Amino acid sequence: MIAISGQEISKSYGHYQVLHEVSIQINQGECFALFGPNGAGKTTLLKIFATLSRPTAGQIKILGRDAVKEKDMVRASMMFLAHGSYLYDELNAIENLQFAMGLRHLTPSLRSIASTLDRVGIGAFSGMKVRNFSAGMKKRLNLAKAMLAQPHVLLLDEPFTALDDSGIALMQEYIVERVTNGGAVLMSTHDRDKAAPLAHHAGVLSQGILKTVSSKAG
Amino acid sequence: MNKTMINRVIRKIQRYKGWFGGAAALCMMAGLYVGLLASPPDYYQGEVARIMYVHVPLAHTSLLAYTVLFGGSIWYLWKRDPLVDNMCHAAAGLTALFTLLALLTGMIWGKPTWNAWWTWDARLTSFIVLLLITIGYLMLRTFIDDPEREARYAAVLAIVGFVDLPIVHFSVEWWRTLHQPQSISMRGVSISSGLLIPLMLMSVGMSLLFSYMLMVRTQMLYLVNLLDAKKGRLLSQFHLSKAES
Amino acid sequence: MGFFKIMQWVVWKDLLTEWRSRETMSSMFFFALIVILVFSFSFSMDQQAAQELIAGIIWVAFAFTGMIGLGKSFAVELQDDCLNYLQGCPGSKGALYLGKVTANFAFMFAVEVILFPMFIVLFNLNVIEEFHILLLIFLMATMGLSAVGTLFSALTVQIRAREVMLPILLLPLVVPVMIAAVEATKGALSGDSFALYRQWLELLAIFDAVFMVVSFWMFEFIMDE
């Protein structure tokens, strides 16, 4: 089944067009890596898939549902991990996870929160205010959010930045796990070495135009 | 609305706006002639009352303009037509203009009549709030970079402001009746039938003038955006070609 | 129900954050304190003048103090892109709005309750008999301010010059709240019979009801592209 489909997506900010008829299709159980230089429109494209921004033209379907008309259903089945890590400084790691899951109508048990925090390697800091977290720790905590929510569709914007080697391995491991469980992953990155081994398809976005799309067997 | 429909609307505006302008000029010239030259001065207020032929139509038209802005804002939030947003933007500027002129002419009339430039009458207060809202609206629009968001936020402000105005009016009216009896109220000015004809002519003329200005301004805002788009495209093409060579 | 759960989470998050940082309340509190002191110096009022002016002073101080709290309400969400997460969550944005209104109302009302004794002491007010009515006035006026204010906090947070634009857009719209609150407070403080200023409480009720509904509806358009 097609998990993510975008057809001829265009986006203009006023009259400055940042995306030109981009079409992407990702099946369940596949990972798509989006490469491209800064300012190519990668984040804009991800925001459109994440229903945070309306496309000027084009159609988006997530798991067969229209992303503009059936926003709620789409949002419930999707998670977007962006540049910012959506964390509140004054709350500790556990509270941040509880709040983030609560807004998605999920109430994970403290036990599963603790084990997820252990899995991303920050179990020892679960009671610490996020204010004192480093960028890498925040990124790990954000990954824990995705692990708890288990979204069918995962959108990742530069997932490997700020992470150390073990963090990168953790992220890669999670992407593979999501994909083998039938999820779909769309990630944007400028780091080919780390993303290429995971991706079933890859595309290069440049000046708002999706240029090369290559697929690898298997 | 798609591009071809927008173009059709713009062409329609281009063709018919002249009729509105011409009709406005005729109505207002006739109204001014009857009001200033062909009618006797007001029994109570003398020559001063003649400013009413301008003031009252200005006040009516500013309310008409804000109603257009309100309707357009709801329409925009519903359909997301960029052209409707251009119309709202145009209507907001005109609301501010007509409201300001209505306030100024009101003050000029008020000085000899009430012996005060200003009084916290319910209408005056509602109009100053209206002016503040529309100025805030125009400021808000200049402070947002993304045009889609600009249009959306502006529409929300216009709608909230429209709902607020009647409440402002009533609150000031209650407040006034509490603090001083309405000895000097605009309502005291009765209009005899001889004055009604120029007033009607001027009101119709001013509304037509507003329609004409709204068309011109909407068209202009649309074309300015189009020009910006062309400029942006050419610039990025230029940079692309420079990068390739 | 999911709607109220989300509202609860937002209130919980805002109150807990505030309890730990005390950032919003303390800045509101000290700002209001300074406003009160400046007023009391600059008017150097006698007993009679105080009775005339005090209601206005109270509400000017509370309205400006409220601006500070409202300005911070959504600015907090901008840090670390939290606003994007709120936007991207499933479910009605109205729940977020009501959660934020509740939190903002709580902050403003708490500051008012702490500060009011200052007014009583500094301006030598007599409040014993009409205390319950004053409380009602404060509740209703603060409700009105936070209902519209929360909407405009969200509206101004992502624009340039947001600190200036919030009061510029908000203050003209809350003119009815200010008039009604000042008149009702004046009535209650001077010991008039309730029937004389009852209409102002009715006006506040109308304003609160109308703008809770309108803002609740409009909030969707602010949060959703």
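Couple of notes before you dig in:
Letters A, B and C mark the chains as written, and numbering starts fresh at 1 in each.
We adopt the following convention: a residue touches a chain if its C-beta (ideal position, glycine included) is under 8 Å from a C-beta of that chain, and two chains touch if they have at least 3 such contacts.
As the structure is a prediction and not an experimental result, all values here were calculated from the model.
Taking the mean of each chain's C-alpha atoms as its centre, the chain lying closest to the overall protein C-alpha centroid is C. Set against one another, A-B and A-C show the most C-beta pairs in contact at A-C. Spacing of chain B relative to chain C, judged by their CA centroids, is 32 angstrom. Between chain A and chain B the centroid-to-centroid distance comes to 47 Å (mean Cα coordinates, whole Å). Chain geometry summary: the mean Cα position of chain A and that of chain C are 38 Å apart.
For chain B, the set of residues that touch two or more other chains comprises 145, 148.
Taken residue by residue, chain A touches two or more other chains at 54, whereas all remaining positions touch fewer.
Annotation for chain C: residues 225 touch two or more other chains.
In the complex of the two chains, the chain C residues touching chain A come out as 2, 5-6, 9-10, 12-13, 16-17, 20-21, 76, 79-82, 84-91, 224-225. Across the complex, chain A meets chain B through its residues 12-17, 54, 207. Chain C contributes residues 148, 151, 155, 158-161, 165, 168-169, 172-173, 175-176, 179-180, 183, 199-200, 203, 206-207, 210-211, 214-215, 218, 221-222, 225 to its touches with chain B in the complex. Chain B meets chain A in the complex at residues 145-148, 225-226, 228-230, 232-233, 236, 240. Residues of chain B that touch chain C in their complex: 77, 125, 129, 132-133, 136, 139-140, 143-145, 148-149, 152-153, 155-157, 159-161, 163-164, 167-168, 170-172, 174-175, 178.
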